[in-house]
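Structure incoming, see below.
Letters A, B, C and D mark the chains in the order given here, with residues in each chain numbered from 1 onward.
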Amino acid sequence: MADRPSLADYPHIVELGTRWDDNDIYGHVNNVTYYSYFDTVANAWLIDHGLDIHGGTAIGLVVESGCHYHAGVAYPDRLRVGLRIDRLGNSAVTWGLAVFTEDDDQAAAHGHFVHVFVDRVTRRPTQIPEPLRTAMAELTG
Amino acid sequence: MADRPSLADYPHIVELGTRWDDNDIYGHVNNVTYYSYFDTVANAWLIDHGLDIHGGTAIGLVVESGCHYHAGVAYPDRLRVGLRIDRLGNSAVTWGLAVFTEDDDQAAAHGHFVHVFVDRVTRRPTQIPEPLRTAMAELTG
Amino acid sequence: MADRPSLADYPHIVELGTRWDDNDIYGHVNNVTYYSYFDTVANAWLIDHGLDIHGGTAIGLVVESGCHYHAGVAYPDRLRVGLRIDRLGNSAVTWGLAVFTEDDDQAAAHGHFVHVFVDRVTRRPTQIPEPLRTAMAELTG
Amino acid sequence: MADRPSLADYPHIVELGTRWDDNDIYGHVNNVTYYSYFDTVANAWLIDHGLDIHGGTAIGLVVESGCHYHAGVAYPDRLRVGLRIDRLGNSAVTWGLAVFTEDDDQAAAHGHFVHVFVDRVTRRPTQIPEPLRTAMAELTG
């Protein structure tokens, strides 16, 4: 069983609202949906720091992801999602993420995913563009 | 073409964050996703006013829905969703909803859906329980 | 209450599998998900008949949609979706769709949506390109 | 980089259709959606072998999941999903899954998730019920 991280382990925290259809037939947020939270929070950070998802030459493709689930959350909970960078390479970045309810600083779930930056047209790996990479360096521990 | 309502036409307004996967291949929030916003906002109001989605005897089934789309929105926009009640019957309620961006009080999209309250087990129509119905009356124009 | 159409009312029928997360907390396919079925079936037909969703100059934007729900369906049901064209204009097409279970030729739900074809870049209405429009004419009653 | 499994590595193969909203803004199936495919295929197998998702006393909760992405797929591709069991315990099962396009027997993506069977009410771990467990044993290598 993986360790359960705490809020203090993540330098960037954002609020995120759940949706009706996040709950599955068992009454809790479906395991798949956490990855949607991860995508949403990491890409919002990227866009805030200059990534142009509509027309930029570099785009981030996900090559690996994973999640450990510790406790159930459910709509209409309001959540907090923590973001950090676990590894920063030339063209790849490993995001660390965790989901917290409003009243518990121990993660309900935590996971990661790896973005490889590629050229939008050729889909070949490309260096993470500046000033994005410098901003990323501040999210590493 | 349907009229484009404004923020002032809705007595209850809530904030709602978009998600990465709300955008489709054309770069805007997919038409389907607006209905997820509608469900999320109306059911949150119901839960706030006493509906027990996990074990209550009455549940709301959707029998009709519709939406008009006026202008595109896109992740990572933050949205405002307006809620009102257009018609209130014994067992049925017609919700009116609209989606607004942060800087435009004219709706990007507006629609409706009809909830019929039924018994969770028999799925036969049942009266909208009190005090939910009294609260609903305040959301009608 | 809207009439419940039958399978024979639709000239084009395709099979569609449900997914785990189509079911909501009440154990049936969520009302929102039907619109995803509609999008999937109409766009597959468009792509089969020449629409290039990745780079074509004309794209279809949805300006209106609606659905009536007659009977519940649930994962892991296999479904049949019927497609027809209810109105065909110069730049707009109204799709009629209905969802059927495997053992009932009366629709579990039926609805429509309106596509306006626009230029991908300017987003201004454009004529439905040939040979797409000729193929569409065969889907009208 | 993880190895790329082939179709022959999976004893149970099912067909699965993509949907319009599986594609994200970059024109390929979003990384999150693969987990929806995994859930769909494993739970369909469970239901086929006796699991009652609506009222059974045992339900499967996901405690861990992960995926490696090797090649893009896109709507309207038709996919094949392979299912096997990588580890079978008293109350837990590790599913191995992979996604294949119609014309490539090397996986476009492969992953796993761990189901812990719990009592629906108490949410405490329970033995995997028979005859489900015996059927599972046949899916292990």
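General observations
Keep this in mind: a contact is a pair of C-beta atoms (placed from the backbone, for glycine too) under 8 Å apart; a residue touches a chain by one contact, two chains touch by 3 or more.
Keep in mind the model is a prediction, meaning the values are calculated, not measured.
With centres computed as the average of Cα coordinates, no chain lies farther from chain C than A. Distance from the chain B centre to the chain C centre is 22 Å, each centre being the mean of its Cα atoms.
Remark: chain A and chain B have CA centroids separated by 28 Å (rounded to whole angstrom). For the pair chain A and chain C, the distance between mean C-alpha positions equals 33 Å. Multi-chain contact residues of chain B, defined as those touching 2 or more other chains: 20-21, 23, 25, 27, 30, 32, 36, 39, 53-54.
In terms of which chains touch, the assembly is arranged so that all chains touch all other chains. Remark: chain B residues 2, 25-26, 30-32, 35-36, 39, 53-54, 59, 61-69, 72, 113, 120 touch chain C in the complex. If you check the complex, the residues on chain D that touch chain B are 20-21, 23-25, 27, 30, 32-33. Of all residues in chain B, those touching chain A in their complex are 15-21, 23, 27, 36-37, 39-40, 43-44, 47, 53-54, 75-76.
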